[in-house]
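Chain IDs A, B, C, D and E follow the sequence of writing; residue 1 opens each chain.
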């Protein structure tokens, strides 16, 4: 009861603090922008801890955040090895390959209306194939190590990026395209100087969605066969061993890495599409 | 009738024929039980379901059950319908593996998710490292099918006598192209499919009585299945909701499973238990369990059920 | 292919038509059925002329300019530019086009926007810089080269787009209401500048405007159009001299031309009740 | 209808590639079998065999097609559309969880978006965590969700639906936040000059102008929902539904069954997305937003 | 609450100021530092006046109108509307605002767009219909009520947005370059209509324009502004009678006022070299 009461009190206090902060004059500052979500996150953790302890939830069902934190601290080397295997080798390489292939394909499709009308609907259909089904097949084709994980990631990120890029390439203002025509610019010049820059906001939309997909894809693919390291391997193995604190430690790393990845791409977006109204802000 | 949920370790197949027979033939009903059988799957940890209250009884292997007990889950073996282990390591002959001494340097497929303990303790008894260090084996986390052997991604994979082995055969590889190492033959057998409950159930008299009736009916089911393997396989097939199981495979599986249950009347043989514990504790620097478990099994239920 | 030299003004000698439209028709196919945007438009423009197009909204002024620039293809009649098809003339990079809206690329600074056509046409780097500096000065935007378009007011953006069209010295300038967003003073100023540029370089200018004084002040020839379907109702050769100070707008000759234009325009509207 | 020819061409190209790949990938097995039997095979025999294996590495298109027909159309003809061997029945099981999950996810997503747009504290604190939530591998926590829900007595359809809601709410939040913010400053200012109340501003401006975004996110959300339902089927004991079929096929190395379940899922997704597209077209046309 | 009565211009009689700005300042905080959009603006406008604002692009005309409509909040000085704060006046629904661009809602037909403010202000249904019909007629859009905005030309859209502002009969009309996109003939016509409406209803009008003749033709008072920072450089009380046929534009009195406005405007520009 003490726990539950404490949780309610903390929650109310944090909420009040956040409402105050986000309406305060400093709401545009870096510190507050980071603090508000951090306080929100802290609230979740405290509520979680309180509920687990207050309700006596067994730790094989849901461990409290403190136990997870302790586990993270004591298992950094394992977590690092897993991170390298899954994120760096699997997710990142697949992300880079999948996204570049998608952009190149989009340019190809864009050159040919025939392909555009033919490939996009079929592509959308193929994108609807659930990865749970394709992952075992790709593991069968590409083996156990990170290559098959990268293949799953490629399959996952390809179509969101493709569709966004195709849409983006069509987004340049007709007047600006006419302008290029009056200068009798070549296709390559128009692409490089007008259509790609104008497509950037859309491409980044795809790239951002793809970051979370890449990580999920790499982890999930490991459920279907892997070497004995990697975040997905660890998660499924440790669930079987009832080491739920380790499972949540991996999940925490995944969430952190995923958010950081997303944040990096969002930063790159800011730098590249600084000119877009959505980036120029209020 | 008293409600009772049974959590299986894996999907509906002849491995669990005894329970389906008991349900189908009305043995549970006769005992005044209303049993629901929950199939498992690759992501289901039966202990978790038990702890979460989703099931009253679970089927699990002793290594993972004892490991869970050491991790703080108060589970107790109340019956052991499987006498022998069906686990094997199956290798392609063409790889040149002839005995355990050939393992170093090889790639071996292993099931994880709590099923890795028998393998790990075998390897540590052989003194072969599994962590990728020199002179050791490369371990792969094997998915739920036999692809790694067929695709030659592994030299050997884990199989069960009643299941995966036949899938390899079905895939067109004949028995004489395979080398198999049964855990039983290697002297590292650990107890498989036993029935486990939470300690608290045993303390409650009404619950304990329910369990007695459950074990009695289940063993009746098992013996029925052993005597009528084909009919039992058909019952399993009737209970498979995926519609993916085939008659041949289930009949064959039932035949193999019958060999494993043959020596058991349901009561846990303390010697088997002792051997399993010894095997699990012998793991050198990294044993599966570190100390002799206490109160991890009881004859109370079987004694009452079988008198 | 350099055409024979022209003699602008009222000269009587044989002239070479830079732009020659002959019974031009253009029909847009839309969902609601065909829209006749241009109907039987015949017009001949000589080298060095300054031609204004004036007419109510939707009469086809923009469409005609787009035909000249080969951005639209007539469905009937013939159109030649420098004796070539419009497409060939475009490939020869004969046009500078100023659109109705500024249309600057938001990811390029003003200077880089002006440099864009120079890059595409492959001017040497040093010359690019020099030309950018020159046209920026011409439209009074010196010092704003490093700003992004959204950091400028609407009028400044419009001037930047004019600078962009002037930078590569095309023979033919097509300008679609370039001064629409500007206030009267800036407009007067730019009118003067444009006239000076035209007099100095002998370019051929096609200029769309809604302002009668502006049309009269700038042009050697004023084309009045009427809508539905877009037709030319009047072509007025201006009697004004080539030298035109701003106060020429108060002379009787000027007012007379303006009056004729206004009458022509009014005929196209329905407010005569 | 101009698209028919291009689509057919692309489909043909894919089928050709697929057949080629099937021959390449399945050849080894054929050769191994022949070597074991001591036979010599002609090219034609090899090709024929690669397309008729029981457990091919990559099943040929016609094998998948036949399996799909046998488990759907043929079942209907026999009047066994709702038996366990029918993909229609499994599809229905998945579909019901998908739709419930989609409903929950969409509702939640829209509510969150409304909150984010109207409340600055929510905007600043919730969005980063919504992003983080999507980086959590769902397959990892799905079993735990099922177990936790089980322990409070919820089982059956709902746990699966909750997982599919978890996957589908995110695209809806992102899309609707963008959509509800899409009115430009002038349109908002106009309402301020009328001194319209926040709810009037919502119903008369924000909501209608978010419609195009809503439908786009509904499409993405629907596809995500289906994936969620399939994922949710794996740890529920995998007894029914397309996910169970996939798993069972995978477990027994029955590639033909995997591929047919996979295609059934994709067809289901395409149909659902198509239906939303249709509603979108009708609605936007009614609203005068489609030209 | 009603503030003390102001004594504008040279008038000696006591009039009631509808809008009273006193040493108004407005500074925008931007990334590049503060931008002073309005500086020390003092102005008093009486009921029934027609006030035009003219000045170079970026001088703060729009900003001033937005302050009056409580869409922007001054950082210094005081501003009252009907003796109330602008916010309170907005809550009393005292304004009709016509923005620089039409800003119609694309998912509503023209009639529904005009009906929007009526719905929000809770007019009875029958009256809504009746008012929509009336203002549609006023701006010559009868028969177009069921069209969607994109089915109309730019000029028609602009007129629809004027109709929308007129529909609910606010006492104060704020119009930001409402006729910018129209050609001269249409513009003349709408000028006449607006003047007639104003004379009939006695509304107070604040009107931004770039056209000097338009400003002079319409206004009882012309406010000339200069940029950086936005200041009022001249306030000209028009000597023209209330009754103004279009050809009043050729009278000497008209030309004199226009000249004064032009001079004031020119002072704000840098083209004096």
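What we mean here is this: a residue touches a chain if its C-beta (ideal position, glycine included) is under 8 Å from a C-beta of that chain, and two chains touch if they have at least 3 such contacts.
Source: prediction; values computed, not measured.
**Student:** What chains touch chain C and also chain D?
**Tutor:** A, E
**Student:** Please identify each chain that touches chain A as well as chain C.
**Tutor:** none
**Student:** Specify the chain pair with the maximum number of C-beta contact pairs.
**Tutor:** By number of C-beta pairs in contact, the leading chain pair is A-D.
**Student:** Taking each chain's centre as the average of its Cα atoms, which is closest to the average over all protein Cα atoms shown?
**Tutor:** A
**Student:** Just how far, in Å, is the C-alpha centre of chain D from the one of chain B?
**Tutor:** The mean C-alpha positions of chain B and chain D differ by 35 Å.
**Student:** Mind checking the centre-to-centre distance between chain C and chain E? Centres are C-alpha means, answer in whole Å.
**Tutor:** The answer is 32 Å.
**Student:** Can you check how far apart chain B and chain C are, centre to centre, with Cα atoms defining each centre and the answer in Å?
**Tutor:** Here chain B and chain C have centroids separated by 86 Å.
**Student:** Chain B to chain E: how many Å between their CA centres?
**Tutor:** Computed from C-alpha means, the inter-chain centre distance equals 85 Å.
**Student:** For chain E, what residues touch not just one other chain but two or more?
**Tutor:** Expected reply: no residues.
**Student:** Tell me, which residues of chain D touch at least two other chains?
**Tutor:** 57, 139, 143-144, 147-148, 151, 234, 250
**Student:** Please set out, as single numbers or ranges, the residues of chain B touching at least two other chains.
**Tutor:** Chain B, residues with two or more chain partners: 42-43, 45, 48, 52, 143, 145, 147, 151.
**Student:** Quick one: which chain pairs are touching?
**Tutor:** Per the contact definition above, the touching pairs are A-B, A-C, A-D, B-D, C-E, D-E.
**Student:** Which residues, counting only chain D, touch chain B once they are in their complex?
**Tutor:** It is residues 29, 32-33, 36, 55, 57, 83-86, 90, 139, 142-144, 147-148, 150-151, 155, 234-240, 244-245, 247-254, 257 of chain D that touch chain B.
**Student:** Over in the complex, which chain D residues touch chain E? Could you list them?
**Tutor:** 184, 186-187, 189-196, 200, 204-205, 208-209, 211, 287-289, 291
**Student:** Spell out the part of chain D that touches chain A in their complex, as residue ranges.
**Tutor:** Listed in rising order, the residues of chain D that touch chain A are 2-3, 5-11, 14, 25, 57, 120-121, 123-129, 131-141, 143-144, 147-148, 151, 223, 226-227, 230-231, 234, 243, 246, 250, 255, 258, 261-263, 265-266, 269-270, 273.
**Student:** In the complex, go through chain C and note every residue touching chain A.
**Tutor:** Within the complex, chain C touches chain A at residues 66, 69-71, 90-93, 95-97, 99, 101, 103, 105-107, 116-117, 119-121, 148, 150, 168, 174.
**Student:** Please output the residues of chain C touching chain E within their complex, sorted ascending.
**Tutor:** Those in contact with chain E are residues 55-58, 153-156, 180-186, 189, 210-212, 262, 265-266, 268-269, 271.
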